[in-house]
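Chain nomenclature is as follows: A, B and C, assigned in order of appearance, with residue numbering initiated at 1 for each chain independently.
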Amino acid sequence: MSRFQPNRRQILAGLGLATGGLTLTACGLDGSTAFGQAGASSTLLIGSADFPESQLLAEIYAAALRQRDLEAQTLPGMGAREAYLGALQEGAVAVVPDYSGNLLLYLDSASRAQTAQEVMQALPGVLPQNLEALAPAPAENKDSLVMRADRARALGLESLADLAPLSGHLSLAAAPEFAERSYGLPGLKRVYDFEPSSFEPINDGGGPLTLAALREGQVDIVDLYSTDPALRSPEFLILQDPGHLILPQQILPLVHKRLVSLEAAQVLEEISALLTTEALMGLNERVVGAEKASPAQAASDWVGQVFPRDS
Amino acid sequence: MSWIAANLPLLGQLTLLHLAQAILPLILGFLLALPLARLALGRRQGQGRKSRGLALRRGLIVNGVGLLYVIPSLALFVLMPLILGTSITSPLNVYAALTLYVLAMMVRSCLDAFQSLPDQILQAAQALGYTRLRAFWQVELPLSLPLLIAGLRVALVANISMVSVGAVIGLQSLGTLFTDGLRRNIPAEIMAGLGLILLLALTLDSLLALLGKKVTPWRVA
Amino acid sequence: MIFEKLWAWFSAPGAWTAPGGIWQRLAEHLAYSGLVLALASLLALPLGIWLGHRGRGEGPILALTGALRALPTLGLLTLLTLWLGLGLTAPVLALLALALAPLLSSAYAGVAHLDPALKQAALAQGMTGRQLLFQVELPLALPLIMGGLRNATLQVVATVPLLAYINLGGLGRYLIDGLALRDYTRMVAAVLLLALLALALDALLALAQRALTSPGIR
């Protein structure tokens, strides 16, 4: 293809449509020259899934890049993994935050990896050619199957392994894709021999509706995220997972190799190294808790504190 | 309400995005609907013999674009990448889908507008020696303007409301306030979105009505 | 290729009859739509017809239907769901706003905009107000009212899929789940089913309109 033949992204950018920034960089991680000098704008487009923490993480990456004078824009709310991975492979975005274990299972549902390290070792082998998982953060955020503590106690439940006798008697609510993910309903059946009496797809990313449904007893078990500030409350109980159904989920920047420069990748790994689970919970509290700070605000405050301009 | 005060820049930015997605498709759809509707109308009386395939042609055009209307907007948004080969996150999907909706709405109302003109007017134009093209530009189109603009106003309001559905597939507009407000449990954010969309619809509708009066000075207001 | 995938999707074992299969989603879709349209008709038709009969309230009706048309259903749906929680109330109220506008304006216009000479003739024959309404105005307004109902039906059936964005069923389930899983086959199948459903309902209402219309004005 001639370099003068505009590609789709360039047309979009040329039209100046919607949020689109131009996701071009002169030199990518794989050492290739992207689109020649003509379009060498260097704004990195950082996508995120459609739940607040993912958006927050994207803003953290963007703020860190800006702190080092690299241009970055975010594209929030791209949907579930299927959607944002597709966009990343197409190069419509250059970076997305992801969770190591679920990413691995998505790419290889038969994976035997169990520890955080095994997950990270397995990833490069199954990622598409043009994608790379950068070094993960210490922070972790797992899908957690949660019950009301009083109900769990009454039924004598502490762990997913206790569920088998109640198969077909307890209902479960989670995001729609949980019904078909290997760590979702199929995994519950395979590892713990449990099938819910009914599955309620609630599309709020483990948000207020899911929480309310659990609180009011509309469902028995819900899928929440372990960094959800609401889980600190004693009214809820996280069911243990002795069978390692849900893999370790370290947070990592997943990048499109050609679109992310070595310099940008270094910044992303540096900021990741600073991100602990505790810090992430604090940031989530700011975004979805009483304060309702915007993800961008919370992210840039935190990055400003922990990530010096020059290093 | 403090959420609104703290997020004014975001509201402004989303309003602009919303505006672009509401207006561009409106103009494109209208420009496409005009010739289609005129084609569906065929030759008027006094403009030569009626062509035989006219009923068929009109049926095809009117029912064909009418069919678009039974496809839910959400469905059309998610199908566009399949048809256009675009990325699912590309804003082009929404622009193309909304253009099709405006087209579907406007072909019908353009046809009604053209049909509302008495044939005598066109016969008079022909008698004065106007070519068919000139008669269209200088007689038919200006005289149809009041009804055309009425149709455009309906399409505009519907379009402004429909843009927000794009948020479900991750495209930024005032609709983003709905999806984000739901996830973060911020009713004020959703109310801000509803308020701004109503305001946009009201303002643009009045502007269009005003424009309508400007371009048809021969009508007594 | 897409046709083969579609065929496979539609002919998979249990595609139609399993829980969450096509028949169940279709039934849910019809149930939500029917409930909303019935409630909206109960509210809007008597009000619109009565106001049209009295020839009053044109200004407020225009303003109200204009505002209702501009209100995005997604916004109402998310706001009401946050306030009222999961369940049927919030989505039904949100869709009600959508269905009210075409019903109210067509009922009002159908009656109010009849040729005044007709009303005068009826009154001159000694008809009471009630007879005028039921024997003259309603039969004559029926085509327009049915037009409003068909319009409302198309809009509601095409908007019910949004309910799946929160948690309800209906054919929108395939659209939202398909989107979450990036499963285009499922989404295309949903579009086909939705379009067929809309066309079938519209044809049915057109037949009903023919049957109900007084032979004198057919």
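One rule holds for everything that comes next: a residue touches a chain if its C-beta (ideal position, glycine included) is under 8 Å from a C-beta of that chain, and two chains touch if they have at least 3 such contacts.
Every value quoted in this text rests on a predicted model; they were computed, and no experiment measured them.
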| item | value |
| --- | --- |
| Overall pattern in which the protein chains touch one another (line/ring/star/complete/other) | complete |
| Most heavily contacting chain pair (counted by C-beta pairs in contact) | B-C |
| Length of the line joining the C-alpha centres of chain A and chain B, rounded to whole Å | 38 |
| Approximate Å spacing (C-alpha centroids) for the pair chain A, chain C | 39 |
| Interchain centroid distance [CA atoms averaged], chain B/chain C, Å | 21 |
| Per-residue multi-chain contacts in chain B, two or more chains | 88, 167, 169, 179, 182, 185 |
| Multi-partner residues of chain C (at least 2 other chains) | 81-82, 165-166, 176, 179, 182 |
| Multi-chain contact residues (two or more partners), chain A | 79, 83, 86, 204, 208-209 |
| Touching residues (chain side chain C, partner chain B) in the complex | 2, 66-67, 69-79, 81-83, 154, 157-159, 161-162, 165-166, 172, 175-176, 178-179, 182, 184, 187-188, 190-191, 194-195, 198-199, 202 |
| Of all residues in chain B, those that touch chain A in their complex | 3, 6-7, 10, 17, 20-21, 86-92, 94-95, 167, 169-172, 176, 179-180, 182-186 |
| List of chain C residues in touch with chain A within their complex | 81-82, 85-86, 164-167, 173, 176-177, 179-183 |
| Chain C partner contacts - residues on chain B that touch it in the complex | 67, 69-76, 78-79, 82, 88, 154, 157-158, 160-162, 164-165, 167-169, 175, 177-179, 181-182, 185, 187, 190-191, 193-194, 197-198, 201-202, 205 |
| Chain A to chain B touching residues, read off their complex | 8, 12, 17-20, 47, 50-52, 75-79, 83, 86-87, 90, 92-93, 204-205, 207-209, 287-288, 292, 294 |
